[in-house]
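Chain lettering (A, B, C and D) follows the sequence in which the chains are written, and residue indices restart at 1 in each chain.
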Amino acid sequence: MPTRTYSQAINDALAEEMRRDENVILYGQDVAVWGGIFKVTDGLLEKFGPDRVFDTPISENVMVGAGVGAASMGLRPVVELQFADFVITAGDEIFFKAGMWRYMHGGAHTIPLVVRAPSGGSGFGPEHSACPEAFIMHAPGLLCAVPSTPADAKALLKQAIRLDNPVIYFEHKLLYQMRGEVPDGEVLTPFGKAVVRREGEAVTIVAWQDMLRRSLTAAERLSQEGIEVEIVDPRTLNPFDRETIIESVKKTGACIVVEEAYRTLGVGAEIGALLLEEALPYLDKPFKRLAIPDVPIPTSQHLVDAIVPSVDDIYRAVKEIAD
Amino acid sequence: MDQEQLVKVFTSAVLARRFEAKIVELAMAGELPPSLHVGAGQEVAQIAAIEALRPDDYILYGHRGVAYMVARGVSLADMLADMAGKEGATSRGKGGVMHVVDVPKGILGESGTLGGSFVVSVGVGMALKRKQPDTVVTYFFGDGTANRGPFHEALNWAAVQKLPCVYFCENNGFAISMPTSRSTAVENIADRAAGYNVPGVVVDGSDPVAVYEVMEQAVARARAGHGPTLIEAKVTRLQGHYVADQQEYRTDRNAVAEKDPLPKLQQTLCDRDILTQADVDDIQADADRQIEAAVAAMRAAPLLAPEVALQDVYA
Amino acid sequence: MPTRTYSQAINDALAEEMRRDENVILYGQDVAVWGGIFKVTDGLLEKFGPDRVFDTPISENVMVGAGVGAASMGLRPVVELQFADFVITAGDEIFFKAGMWRYMHGGAHTIPLVVRAPSGGSGFGPEHSACPEAFIMHAPGLLCAVPSTPADAKALLKQAIRLDNPVIYFEHKLLYQMRGEVPDGEVLTPFGKAVVRREGEAVTIVAWQDMLRRSLTAAERLSQEGIEVEIVDPRTLNPFDRETIIESVKKTGACIVVEEAYRTLGVGAEIGALLLEEALPYLDKPFKRLAIPDVPIPTSQHLVDAIVPSVDDIYRAVKEIAD
Amino acid sequence: MDQEQLVKVFTSAVLARRFEAKIVELAMAGELPPSLHVGAGQEVAQIAAIEALRPDDYILYGHRGVAYMVARGVSLADMLADMAGKEGATSRGKGGVMHVVDVPKGILGESGTLGGSFVVSVGVGMALKRKQPDTVVTYFFGDGTANRGPFHEALNWAAVQKLPCVYFCENNGFAISMPTSRSTAVENIADRAAGYNVPGVVVDGSDPVAVYEVMEQAVARARAGHGPTLIEAKVTRLQGHYVADQQEYRTDRNAVAEKDPLPKLQQTLCDRDILTQADVDDIQADADRQIEAAVAAMRAAPLLAPEVALQDVYA
């Protein structure tokens, strides 16, 4: 299998889907001539021309809202926001226009829209660093993908583009250069199917994107001490594969959610409530949430490191449960 | 606009006016929710503008009445069902009278947050340009709405990409209780066109022929790929912001009836011997018949099943 | 004690605070001449003049953002949004400008801003009916009040105006006409102190605003059958009084959260996760969330009634646990 | 602007230019994060505009360089500490070079989302009008930023309430890689002033005297309670959007050096015998001394403690 970076995998998915379906268009700030500020869309203008790949004014509200309008009339727009935080800046358009335009018109419209939103990472400050997934997961009408590997980055994006519903597709900035095997051709990752990235008995860790990477590193270290953790990667947050998490927790009896979002009402809250509702008899060990302690994300890297869950934090949390 | 079209505008305006009056009556009686923002006084402008469109052109509209839908021939019964939450409702109980939709008739819908359709209109324009060249989308919005940010982003974007969009502002001098002069720094909303390098036209919204003509030009420009036009029709809101509004804040409220364009239009049609009084009576009677039939159909329709609330979130 | 409506109590709070501190200003669409679309601010223009009470253009982004700027320079603005949903429409200003302007400038600014947001209710459609509290609770930097009685409506608003941090103050549209005793004078409800509205042993219900009212009605009915529920009203969601909820659940061993928000990642999720973390040994009965089943709120009243938790729903949920 | 002021502008511009060059050098060496958006080419306009303000006036700024702060005398060492996350950082590690703040010096800060300061500026204006009459706030922003909705909402609101705000657009012809001509429907951003009934002025941003004069008028207007002015300075971005930008997209990138206003200003000052070459050398040497001292202070400062990340959320 060829190896590709996460960033290349996204580019491949875009190119393949644009080739397959001429209704797919791609736009955003600096995506065409420059190939995107993170260079993810490099070369697509040359391949598909300025009618299908174009740069836009700095007008996030139109970027998203026009995606809704265009999707409702038969195009399949893929919109790049430069930073995932801007789903809040275009709040009306993301939550009401994309999330509800179909509903409020009784199903008369279909909105096959994908908003690509580079999340997480560091050094860009409070308004350019967030993982605003919980906002999306709380809102009705918006599907949500959080790919963690190059293979999923490609296969979830291809799937997202083919779905007839709006998808907020979070691509993690720190994963862009991650390399991994990506199967050739028509591979689609279904929405709503979590994957167990590592099997174990000691505790279930739920994590995705950079927190999955950190969890896997911590797991290696724990394994050397004879502690085998099970790691579930949800892959999509809406739909959300509750069953796989519950099954895993039934086996391990404990759960740690590691996420890069603010702790209160982060995705871990939903998982906690879910377990309380569905897995109470099996929970004989503590439930833990590792997340950002309800503060904005600062700019200085060492302050970011002080609040984002680290490999050490994960290692310690597992030890506390497993010991 | 030829005579036939003028009669058509009049006929639709009569129907819209009477239909809205019936809705208010039913709302007062508690049979429908009091959610209509009556369009009385603005229908002539709305309908004349729509007359300048082709049937395959599209419309996004604001909350000011149902004349847009009436002009496009949307079923009156279905609109009543929208309000009553009954079978037949175009938005299936989700949107009420605010979100009437009929895509085959070119009625794309409304954003509940004011001006939300500015951004949607840009996308519709993008799609039309690529998939249905030669068709246009017109967005009808209020003067107050023109102070929201999406106005700006959309006008600029539509202009720079030369999208087939027409922006039709109905300036009725108020946003609920707020006079335009206190909310808006500029005399005419159309003056803002200069900021986007597009034509900005002010027109008397009580004059259907004038409205039709400026729309014709705007539509031709949009069809030709030259981009949007910002039209501002000066209109009068004859009634309150919504059904229950007593308009204490409004000093001109007893004088507005004189500004009603509908009797003026009727007078013109009679003066120019286009219609006789008998014709007018027929038009009114026919409107009432349609309305009565619609009310009967709405009354006969069953309530939407409760589980409909859970549907239509996802395709 | 005088009785006042919830709406009058808000008006009283505004008048008293404006009288006390000339830095308090009030603005919003139709709040001055018309007294607000829900008539909550009636008479304040006459009392305090057009410099301190004024109508604004339909420009939600400025309404909130100007509040941040004005607050940072020594005013204490109270902004009325016409519908609570518009916290999303002014997303950048609520979540980033109000929530983070202080943090991103290292504490150089202080933002004593109150945004009044009429929430819930019915018949106004998907973009005018929500209780978007969970969005606020997830976001760092924003305090959040959810008054349920006329007394709290007044005392929480007075407190909110005096706090040096931005407060999103949700006033529930269906409570405006609710009448209740309101103590005269300088009563402030501290943020972060829940109140037990009713004591019982069978189960803990956490509810506020209209869902509290419905829960109290259900509780009456249950009481006639000998089932005594305990009802906790959090009063503020940030800060959130976790202790009072945990204490109550330690006593009852069961918890039902009733809320008017979307179920997934509604406030109930945080409570569920909290209980799993802190009260696991005491939970011998199920945890339940009654909420809106992850769909937008429709317009037709009977469809709204089909998805918003009802007195019957609450009654049944308690019976399932208590029986 | 008198000769003394012109020398002051030159002196600050030299300092800002050299300071930014040092920041880039330290960023390239890995000592600082590469987060600066270099302002080279735009400092003369920025500083000349600020020269027209009084010390008790306020500034909100965009991301284009640090000349605003330099002109106001913010400590260079503290700004370096902002970048390095060290003690002394004006935003205490929270905002880096993007959110330098110094309220006593009138530097109120920046919004990371472009144009966020439009809405903040309105509130600042509201407060100044009530609490510090006779002072004004100036917001510096880019041409690309002028396409965001808050531009529109803020200009209208500031105009209708006659707030003491000045809007200063630095049109450098680009938003990152996007030429203004492709993103913006109108020739001059200042043309949009017509939409708000405020003066709109285009000025050559390489001419400090011209910039100063239009600012003087705008500030006088704002102080007098007549409301905002929209100024557009045509400027040149001499370097990439940010430190690492190679500008492959830019056809004029080899020609821009000629447009640098700083050597021109130096020439003018020497030609008019206001400064000698020795004076210029002194100014440059003095700038370098200040910069070296600041670098030394930053290097000596300890890192901010990790728990600082948890502070400053709430008052």
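Note that in this section a residue touches a chain if its C-beta (ideal position, glycine included) is under 8 Å from a C-beta of that chain, and two chains touch if they have at least 3 such contacts.
Small disclaimer: the values here were computed from a predicted structure and weren't measured.
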| item | value |
| --- | --- |
| Labels of chains that are neighbours to chain B and to chain D | A, C |
| Distance between chain centroids, defined by C-alpha means - chain A, chain C (Å) | 30 |
| Interchain centroid distance [CA atoms averaged], chain A/chain B, Å | 41 |
| Distance between chain centroids, defined by C-alpha means - chain B, chain C (Å) | 36 |
| Contacts with 2+ other chains: residues of chain C | 56-57, 59, 61, 85, 89, 92, 96, 103-104, 125-127, 140-141, 294-296, 298 |
| Per-residue overlap in chain D, given as positions that touch at least 2 other chains | 89, 91, 93-95, 99, 111-113, 116, 147-150, 153, 156-157, 160, 182-184, 313 |
| Chain contact graph, described as a line, ring, star, complete graph or other shape | complete |
| Touching residues (chain side chain A, partner chain C) in the complex | 85, 88-92, 95-96, 99-100, 103-104, 125-127, 134-135, 137-141, 238, 240, 261-262, 264-277, 280, 283, 286-289, 294-296, 298 |
| Partner chain C, residues of chain D touching it in the complex | 89-95, 99, 101-103, 108-109, 111-113, 116, 118-128, 130-132, 149-150, 153-154, 156-157, 160, 311-315 |
| Interface residues, chain D side, partner chain A - complex | 33, 35, 84-85, 89, 91, 93-96, 98-99, 111-116, 144-145, 147-149, 175-178, 182-184, 248-249, 303-304, 306-310, 313 |
| Chain A residues touching chain B - in the complex, by the definition given at the top | 23, 25, 51, 56-57, 59, 61-62, 64-75, 77, 92-93, 96-97, 101-112, 140-141, 143, 164-165 |
| Parts of chain A lying in touch with chain D, wherever the complex brings them together | 29-30, 33-34, 37, 55-61, 85-86, 89, 123-128, 293-296, 298-307 |
